[in-house]
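Next up: some structures, all given as structure tokens.
Each of the next two complexes has chain A plus one more chain, namely chain B in the first and chain C in the second.
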Partner chain A sequence: MAIVIPKTIYNGKVKEIKLGSDMQAVSVGGENCFPFYLFEGAMPHKPVIAMEVWDSGTEDWPVAALEPFKDVISDPAAWANKCISEYGAEMICLQLVSTDPNGMNRGATEAAALAKKVADAINVPLIVWGTANIEKDTEVLRAVAEACQGKNIILGPLEEKDFKKIGAAAIGYHQTVIASSPIDINLAKQLNILMGNLGIPENALLMDPTVSSIGYGIEYCYSVMERIRAAGLTQSDDKLQYPLICNISKETWKAKEAKVTEQEDPLMGDAKKRGILLEAMSALILALAGGNILVMRHPEAIKLIKGILDELYVPSK
Partner chain B sequence: MILIGENLNIMSKTLGPALKERQSAAVQEMAMAQNAVDVDYIDLNIGPARKSGEEFMAWTVQTVQAVTAKPLSLDSTNLTAVEAGLKVCKSKALINSISLQPDRIETGLPLVNKYNADMIGLLWGVEGMPRDANERCMLAVDLVYKANAAGITNEKIWIDPIATPVSGEINQLKACFEFMTMLSDIAPGCKSVVGLSNVSNGTPVDLRPYLNRTFLVMLSRYGLYSAIVDAFDQELIDIARGRRPEITQLIHNLMDGNSPDPKSLSPEAMKYYKTVRVLTGESLYSHSWLDI
Partner chain C sequence: MPLTGIEIFKLLPKTNCGKCGVPTCLAFAMQLAAGKADLNACPTVSEETKAKLSEASAPPIRPLTIGTGNRAIKVGGETVLFRHEKRFENPTGLAILITDTMAESDVEARINRLNNLIYDRVGLTLRPEMAALRADSGKVESFVALINKVKTQSDCSLILISQDADILTAGVKACAERKPLIYAATAANAATIGALAREAGCPVAVKGANLDEIAGLTDQLTKIGIKDIVIDSGARSVKQVFEDQIFIRKAALAKTRSLGFPTIVFACDMTQDPMKEALIASLAIAKYAAIVVLSDFQGHALFPLLVERLNLYTDPQKPLATKEGIYEIGGPNENSPVLLTSNFSLTYFIVSGEIENSKVPAYLLVKDTEGLSVMTAWAAGKFVADVIAPFVKKCGITDKIKHRKLIIPGYAASESGGLEEELPDWKIEVGPREAAHIPAYLKTWKAQ
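So, the complex of A and B:
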């Protein structure tokens, strides 16, 4: 008797979303099967890598993370272009660390001008990430939305408490938004429903499930992402069919396991290798859980991930 | 269906302080309000009552039974406090609850025959909450075995399979349903009870009744004997008493896979339709489940 391989029955599809302006467009999502289940369905796009650019705060980075960007660290636009031309970044994620009210507390106008400068300088889509401070993000991301009109940039994080004001600006200036929820599938769905009620178009919404590094609860992220995909793909839950973005590298590089030097703890081994592997493996886990956009930092980690994703991304005959 | 009113509760924002300050007027007002509605028992939930629990439960029982003859459910994890309540309780009481943690079961079981009470057997084990239907079965067997060994007959045991919020892990609710289908086989003669409102914990307050009512009908289809409920949800009581057969029938049909055409349903029926879908896990719960 011939063996019949059981197949998952799918009745949903992740929305395929075009990011960036026409000049810089990158598409994500569109899969109608579990991540890399190419023997069961189609996955039109591999997960894409967005490289991080910070507008300040890099003095806390481990040496290994800083090294590739030393020459451009004080010029975000140059930094972004180095990521694109030398390291193959498919998108750029500008982290507006300087706006943190508990830190430099840079104003919204200045932050918006910087975001525009970077958006104008690059030929890939731009993600602009705030500090997850409700009041400040409302101010900053609204200004960024206005300044970057026409670029279809991606703004985040939008949370339950600030999505209305930031979302309204995003609608007005035709930008894409990131709905961010605290590792909870029910709250993720709820926020997406509210985004829809607000008027965010279906093709202008990404989901941030909130992610963490290996060793810091990534299992929970995996599980929630897996359930989001299961609901969207096998229960045709159209509120959970948005592409997932994972802002992972800033989580891995702030972990003790990436920061401690070999001199401080010889048993931990080579710090550079350690940090790169922690980033790459954390990102891989999230890609396997359904992540469509991986925000990453180190060129070596990205090289590793791209190699693995290429091997996984072989449509079955 | 035996209904136990849940509203005399230390967790309540108004009753909590009244209980703690032993304000008999406020407590009696609540007892009388529940006396006036169609519930069978009144639950007296004094919480963990670590300090002066004995005096607290005895006072609560006496205060309440001065204004109502309804039987009482004595609700505390402090079983010494529960015993103090049993000593002064005039009607046949329900001990709420005895779980499988060794100290609870050792202290709790002797009270049942000593005071001719019934007991809620909470399926909470040494390792905490059961993870699935099988673990619920194991705990139920263990609990009934120990109760029988203490001379307690199955008729006195009300098994609580533990209902969890729909906004949490949906597989827990599925396990609760599945366990209910097996209970009569593994513990013949035992009764059953759930803290119904748990299912809607975390849900916006005005929407909670839809979950509670639907959940009640679903569980009663699986033979549920009793539920601890919001005594002031008149619609829930009407449903439990068989006065809303069209709602009950709709829920049964959905459980049997005989889904009506949603377009044919009234807006009110549509709410129950959507609620069944989230409780069975067919549709993932969100706070806006009734709107989408």
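So, the complex of A and C:
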């Protein structure tokens, strides 16, 4: 007997967005079906892996996460290039940890100079991620936008309370922005609308649904992302059709489950493999829910997930 | 698809006799459609109608149980494609592969891992539940010996795997009382294996080359009265497994009865690399597998999979809650800080994780807020001075500490006045709003 598989009816499409300057461009989005449902539609781009580079704060990283970057840990530009040349990073995400007012509290000028240095040094698009401190991000990300003029970098997170000022700078210097909302489809939509009203062009906006890792509420962002995709693709809600970015690796590696050693808890097995799997699995689940850019850390986690995504991306018969 | 009220109405006697307790057949039909009435309330409905209605109201994916006792596992019974539509019902069963050609010591070690890899997560016990026993030797005695060994050493549920009907028959005989899953009925042996499953009263898996062939096999088994079937689509590539799992779920939800069964995925047959295998398993858990067979259990892969499973199978309408009480983190003493938070599991995990990160030993008081986060609970009046104070008094923390300082979450700062009134011996300190700032806060905290 011939089985008939019902097909989902799609009436929308994720916006296809070109990131980076012409020299470094990478495109994301453009799918008109659920992630990897190639039997129902087209997905012009696989999820892209952005590797993270921290400007400080790596002393809290577990040994396994630090190990591949030991030689470049104090030089963000060299670190970024190592990610690109050795580990195949398709984008770089500079995490400006040093600007945290509850930590080193480094100033905006210094941070902007560093962002520019990294942007100049690499041949892939650059994401610059702040600390989610409203006042400080406003100051820092505005300065970064200006310093990196002409690079079409990606700035985030822009939240309800600081999107106007950072957004205005991004418009002025032609940068792309990340609209960040707290795991809530309605707030995400509302912020996208406000971004549009502010004048952010449709091709310069990404969404950050606020992600968390396995064991720390991944089910919430998983479902919010699936709902965002369902709304954008099957209910043609054009305010929810932006590519999704998932800043996931820092969430996975800070968890105690990624840190505890086998000596401390033998039932938990090898700490390095566990950390890699927590990162790779969390990223994979988010990719299945609609993530277009996955911010990741460990080269082996990246290799694993790329392998699986490549296999999922094989055209359907 | 369940029938609509009108569709049900057409099947009723239409006499409006009122014996069912509502005045008209139509009203009764509407109640049935809404799940508010029982068909048996109508004394005159025909047997044929009863059959049609029960067929229509059967769940789209057959729920069934493998194994017996404590570690029996329920699979199937799923009703949605996306968990936000309702929920995922029965968590994916995880099985460890053990073959009858493995060395004695390896078999022992595997049984050991199957029995002892148990994790506690906020009062929930996470553990795998199944062993997949495969007859590689081609000898009945070896297979039966393996089954007997596992059976006596573990109360796990079993999957028996062989391509040889005689070996499988002997295997089933050795453990039929444990209700193993028989693997598998194929186009070549469906009649024999079907008869075996029916006689033993055990669930049986079908394996086919494609979905059409599988539908043919399940129909064949259904005709001889077998209901508890598990599907192996035969796929062993990531791409094909992903597609088949989605196709089977979609077809089943559209009431294609021949595919309305839980599925099994053999991650163990898809790669030689255990890391990749774990990632494939995580994909299968998210995308609809009812059972995943792994080549082995190692804590570093099993733990993330168990937690992923817990997360994705949580009811989205009912957040997990942590038990109210005192949690000791890092071996605190009488001079250690005392923090207070709500019992939303996520809140608990994040707060306790950050306390651990601070390396400052501390007591965490978790107040029952019916699973709400601090902010939501506070707004709902479940995390306010009136209810926090009695909890702090009776929870027993005063026996453990010398000081009387309580750190409350920044989001509940407005309760500090009320708390100082209700807890006159205590000094209330307002902690950070965000958990990420707890380490910095604790590092400078002093008991005096």
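Methods note: the second predicted complex is superposed on the first by the 314 of 317 C-alpha atoms of A that agree within 3 Å, B and C clash if a C-alpha of one lies under 4 Å from a C-alpha of the other, contacts with A are read in each partner's own complex, and residues count from 1 in each chain.
Here, a residue touches a chain if its C-beta (ideal position, glycine included) is under 8 Å from a C-beta of that chain, and two chains touch if they have at least 3 such contacts.
Fair warning: this is a prediction, and the values are worked out from it, not measured in the lab.
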For this session: Specify the partner with more touching residues on chain A, choosing between chain B and chain C.
Result: C
For this session: Using the superposition on chain A described above, determine whether A:A168 touches chain B (first), chain C (second), both, or neither.
Result: neither
Exercise. Which of the two partners, first being chain B and second being chain C, lies in contact with A:I134: first, second, both, or neither?
Worked result: neither
For this session: Have a look at where A:V26 lands relative to chain B and chain C in the superposition and call it first, second, both or neither.
Result: neither
Exercise. Does the superposition put A:I183 against chain B (first), chain C (second), both, or neither?
Worked result: neither
Exercise. Does chain B (first) or chain C (second) touch A:G217, or do both, or does neither?
Worked result: second
For this session: Could you say whether A:A78 touches chain B, chain C, both of them, or neither, answering first, second, both or neither?
Result: neither
Seminar exercise, completed: chain A positions within both the chain B interface and the chain C interface are none
Exercise. Which part of chain A faces chain C closely enough to touch in the complex?
Worked result: 1-6, 36-37, 39, 60, 102-103, 212, 214-220, 222-223, 226-227, 230, 254-257, 262, 266-271, 273-274, 276-278, 280-281, 284-285, 288, 300, 304-305, 307-308, 311-312, 314, 316
Seminar exercise, completed: Seen from chain C, its contact residues with chain A in the complex are 82-84, 116-119, 121, 211-212, 215-216, 219, 237-239, 242-243, 246-247, 250-251, 254, 256, 258-259, 275-276, 278-280, 282-283, 286-287, 298-305, 307-308, 311-312, 314, 316, 346, 349-350, 353, 356-357, 437, 440
Exercise. Mind pulling up the chain B residues that touch chain A in the complex?
Worked result: 167, 282-288, 291-292
For this session: Spell out the residues on chain A that touch chain B in their complex, using ranges where they run on.
Result: 185-187, 189-190, 193-194, 231, 235, 237, 239-240
